[in-house]
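Order of writing sets the chain letters: A, B, C and D. Residues in each chain are counted from 1.
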Amino acid sequence: MSSINRSASNVYAEITSNRKAGAYHHIALSVGEMAAHVRPGNFVAISVGGEGSSMVLRRAFAIYRSVDLGNGQGQIELVVAPHGQGSTWVASQPVGAKLNVIGPLGTAFGIPTEPVRALLVGGGYGSAPLFGLSEVLKARGCRVDMVLGASTAMKIYAPLEGKRSVNALTITTEDGSTGIQGRVSDVIPDIIDTNNIDIIYSCGPMGMLQAITDIARAKEVMHQCAVEESMACGIGVCMTCVLPVRGEDGVIRMLRSCIDGPVMDGADVIWESKRTIPEGTWGA
Amino acid sequence: MSSINRSASNVYAEITSNRKAGAYHHIALSVGEMAAHVRPGNFVAISVGGEGSSMVLRRAFAIYRSVDLGNGQGQIELVVAPHGQGSTWVASQPVGAKLNVIGPLGTAFGIPTEPVRALLVGGGYGSAPLFGLSEVLKARGCRVDMVLGASTAMKIYAPLEGKRSVNALTITTEDGSTGIQGRVSDVIPDIIDTNNIDIIYSCGPMGMLQAITDIARAKEVMHQCAVEESMACGIGVCMTCVLPVRGEDGVIRMLRSCIDGPVMDGADVIWESKRTIPEGTWGA
Amino acid sequence: MSDFDFHTHLGAARFNNPIFTASGCAGSGKELSQFFPLENLGAVVTKSIMLKPRSGRATPRMAETPSGMLNSIGLQGPGIDLFLENDIPWLVSQGATTVVSIAGETVEDYAILARRLRAVPGISALEVNISCPNVENRGQVFACDPVTARAAIESVRRNIGGELPIIAKLSPDVTDIATIAEEVVSAGADGLALINTVLGMVIDTNTMRPKLAGKTGGLSGPAIRPIAVRAIYQVHARLPHVSILGMGGVATGQDALQLVLAGASAVSIGTATFGNPFAAMSVQSELHDLLIAKGFSSFKEAVGYAHRSEV
Amino acid sequence: MSDFDFHTHLGAARFNNPIFTASGCAGSGKELSQFFPLENLGAVVTKSIMLKPRSGRATPRMAETPSGMLNSIGLQGPGIDLFLENDIPWLVSQGATTVVSIAGETVEDYAILARRLRAVPGISALEVNISCPNVENRGQVFACDPVTARAAIESVRRNIGGELPIIAKLSPDVTDIATIAEEVVSAGADGLALINTVLGMVIDTNTMRPKLAGKTGGLSGPAIRPIAVRAIYQVHARLPHVSILGMGGVATGQDALQLVLAGASAVSIGTATFGNPFAAMSVQSELHDLLIAKGFSSFKEAVGYAHRSEV
């Protein structure tokens, strides 16, 4: 046995709640012991479509919150955007239905040992894993600023208890339906300066993560981001979910975002490689 | 527009009842106007597996009863044996679920214009279409004997209201768990003789229909049977459901059991052709 | 539908819209006409008709498979005489645009069929199904060998005369479909129909023998759609000026759009009709709406659009 | 499990049970070992390893399809040196029975890989993936041409020495797979692995371009199972004494049984593992129970059983 996904398990988890929240569904699952092993940034992989489905692959969902209830009991919560066939199926499952869930999977956000000033940036449902992170950071004495962006108000996921966990929340929407009109990248530079941010944690569409990486580089702050690549297996066996990442030795390698991620150092990811292998990649 | 399946329509029919009855599920569907067009022997074709299912073909089910409630309202009832993936899915659908149903399809049992002495023989869920037939025959002043057979008691479908519609009911089971131990073919010859049967109507496994055909031939009684061949489309467009049938001109042709059947004259079917084309078939 | 320019061409033949039935999946037309008027189709493609009446294969003839099915009908049909006597006049009476599919067991069969059809009014094009066994060549399928594929199409070309476009229907069960396509085009095909079914087998784990009486059968349905898209894309890349009638697993407008973007000038609906008799109609209206939503000004603009160079 | 005789052979190599992983679908083994002990498998088949490190293809590398998926990994891997240094010793330490899959770009690559592997302890057999582009021949896939298929296998045969069985993995994308099978067997293959993925394409209807960066990809999963069963059946009919490692869409014991009845002496589980990391284990126990329920006294009795003559 290796150390990859050491604490992952496979459970049939009952849905204990499924509420609409703007454009999303907030879904709570009774997962037993799994909850005790979750760290912010981890995800789960869920079978979709039910028995006899034509969909053969799992879908990955970031864990929004996990609650360890002790005695092998526990709950995880997800924020699901009904998008294509699979996520729409998950979002439509009633309370009491059981989902086949594997988790927790993947890397977690690195937690600084010192109290730092952190900026958490989420795009769309990408805010999900940030609230759990925020709680952990606050517990460590960090100051937490949060910026959430989306195309429109319905796609901002910011529940009340989540908002409470941060020191300051800024919202941007492209259509201006709530918060500041614009993108997260329009407001981040100022917040970094004003609040003397040490580290950015982000989760959202790849374009947003790339934009934040540029800002972080310019401002010389650290940047950990949770990436989202198409995943066939979620457990490291298929090599579909790779992206080019520069290692400490300076060499670019195609790393699996499911086990070497989803949380990665933004500065190491070669973002501009869309649909090509960057020159100089190992083995190219 | 041709005359094939002239009164067929496609409806999303709500399940108004789904009760276990022995090994089967008795399912009632609210089908609107369709009910008014059903004649005994007709069947419906139902989509299975729900959206995103890997099952691309409909499943055929004989119509057990149909009730025209007037004003475009009506109900049909089916007897479903959970067998493979598709029928098991149908049997598991809850009240309130909607099924995509096409019907009525196929030929119906021929109703004699005179009052005759009829013997109805059903194997397993093959009893389903016979009760509606019995009602029609009784209304025409016929005497109706019925024989139902199955491997075991749980597979005899004979509801109380069904039983009432016949003059005499004989049951056979192979394991003797109810009725006479044996097969329907063990009891039919005597019944034919005792009751001076003019015509046999049958529905059940192909082996049973073949055995009844032999008896009917020996006893010189007419025999209409509802056959059950694997059907891909149920509406006559795919040619998968054929079986060799001798025409009035003496020529054997591969006829579609979905539109030239399911009800056929037993004497015309070439039963012993299993997995081959009988010699002399047109076009062989 | 609207005034969106939905018409298309296969060779010289014009069709009001690009959604056809697939050969062998719409009976004689009569069976389907209960569900919608056949004149609404781009065209009815008939079951492949042969010279003589055919009983077809023994049953079982079908097996459902994951997202697909196998069939081994074995080209059951009435033969060309009865077909011309009954089926064609009926289709004409319905106002159906008709593409006749033919199949032969010998090169000569194709010649005779072409001659029988050349003067028949009410036919818009000929689909030449060469995915059938060649009895003169150990039963090898015509479409699986460039030489026999060419021979069958040449035979039709020489005998058809007039303007009737010839659409050669190819099998995907070959190492290099684009090369077979080149052969049949150089032999005189005006268009290509892609793809016929993929050879498959299901073993019945109860009887522990092949489920179909004919052992192997043709795989169709959504399962093979990626194979169809690939074949159409490859052939359109090689022969961009040859029109393609695409088919294979199309059940929605999105599916049809994939085939069109890959290079199909029209799309046939086969197996989907078994699950939904109205499939061709719903695909047609979904494709229509999709093309408008995507900003195309005509159907033809979308044909092969996936091949455009990256900007 | 029980004392049912579940063992099998591929060529001279013996395996405790017939359920293997499929090449490229079990990572390096480490990733799967979290879910069950690798020693429970009939064998781990490694990702196809090449001479040099390979970045593989650009992303997107996958698209889900009805009852299947496309992949275009492009053989990403560390190259034979690091593979021998890291992967093999780790698999040996786990007690895993190991089949090494190799892939080359030239005939010479196969020779070198065979020489590098011949003295390595802890390997039970070599799977030779010849479904990869031959850079010396316009990128044509070795397995798609009898001549290059033969050349690759001969190259391995001449260089492997000793007893290590060679299993040639064939592509279904050919006109006549049985003939390719004959070629590679006469070139020295002890067994055959059937089937590799089927070439396919998905077009993204949003971007209106091929979804995969590499345009085409390999179709796998239940969608292709009927193609796998057919290929295994055809090849076993032609070469009844050559052992076959079957694969293609197996997700249950029933599925595996189909391949075994068709002629497979062992079965690899690929895509099913993505949906269910325990798939190989559940297929194994389901197949075990099924064989007993059907009254077989050993696994080997069931191999090719669908070919028995009708009584």
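Just so it is clear, a contact is a pair of C-beta atoms (placed from the backbone, for glycine too) under 8 Å apart; a residue touches a chain by one contact, two chains touch by 3 or more.
These figures come from a predicted structure and were not determined experimentally.
Novice: Hop across touching chains from subunit C and tell me the fewest hops that reach subunit D.
Specialist: 1
Novice: Averaging over Cα atoms per chain, report the distance between subunit A and subunit B in Å.
Specialist: 56
Novice: Using mean C-alpha positions as chain centres, tell me how far subunit B is from subunit D in Å, no decimals.
Specialist: Centre-to-centre distance between subunit B and subunit D: 47 Å.
Novice: Just how far, in Å, is the C-alpha centre of subunit D from the one of subunit A?
Specialist: The computed centroid separation for subunit A versus subunit D comes out at 35 Å.
Novice: For subunit A, write out the residues touching at least two other chains, lowest number first.
Specialist: Within subunit A, residues 54-55 contact more than one other chain.
Novice: Counting only residues that touch at least 2 other chains, which ones in subunit C make the list?
Specialist: Counting only residues that touch two or more other chains, subunit C contributes 63, 66-68, 221-222.
Novice: Please categorise the chain-chain contact pattern as a line, ring, star, complete graph or other.
Specialist: Basically all the chains touch each other, so complete.
Novice: Would you pull the subunit D residues touching subunit A in the complex into a rising list?
Specialist: Subunit D reaches subunit A through residues 24-27, 30-35, 37, 47, 52-64, 66-69, 71, 73, 76-77, 79, 90, 213, 221-222, 251, 271-278.
Novice: Note which residues of subunit B are touching subunit D in the complex, please.
Specialist: Where subunit B meets subunit D, its residues are 54.
Novice: Tell me, which parts of subunit D touch subunit C in their complex?
Specialist: 63, 65-68, 70, 144-145, 173-176, 198-203, 205, 208-210, 215-216, 219, 221-227, 229-230, 233, 249, 254, 257-258, 261-262, 290, 294, 305-306, 310
Novice: For subunit B, which residues are in contact with subunit A within the complex?
Specialist: 49-55, 85, 89
Novice: Okay, in this complex, where on subunit D does subunit B touch?
Specialist: Within the complex, subunit D contacts subunit B at residues 66-67, 222.
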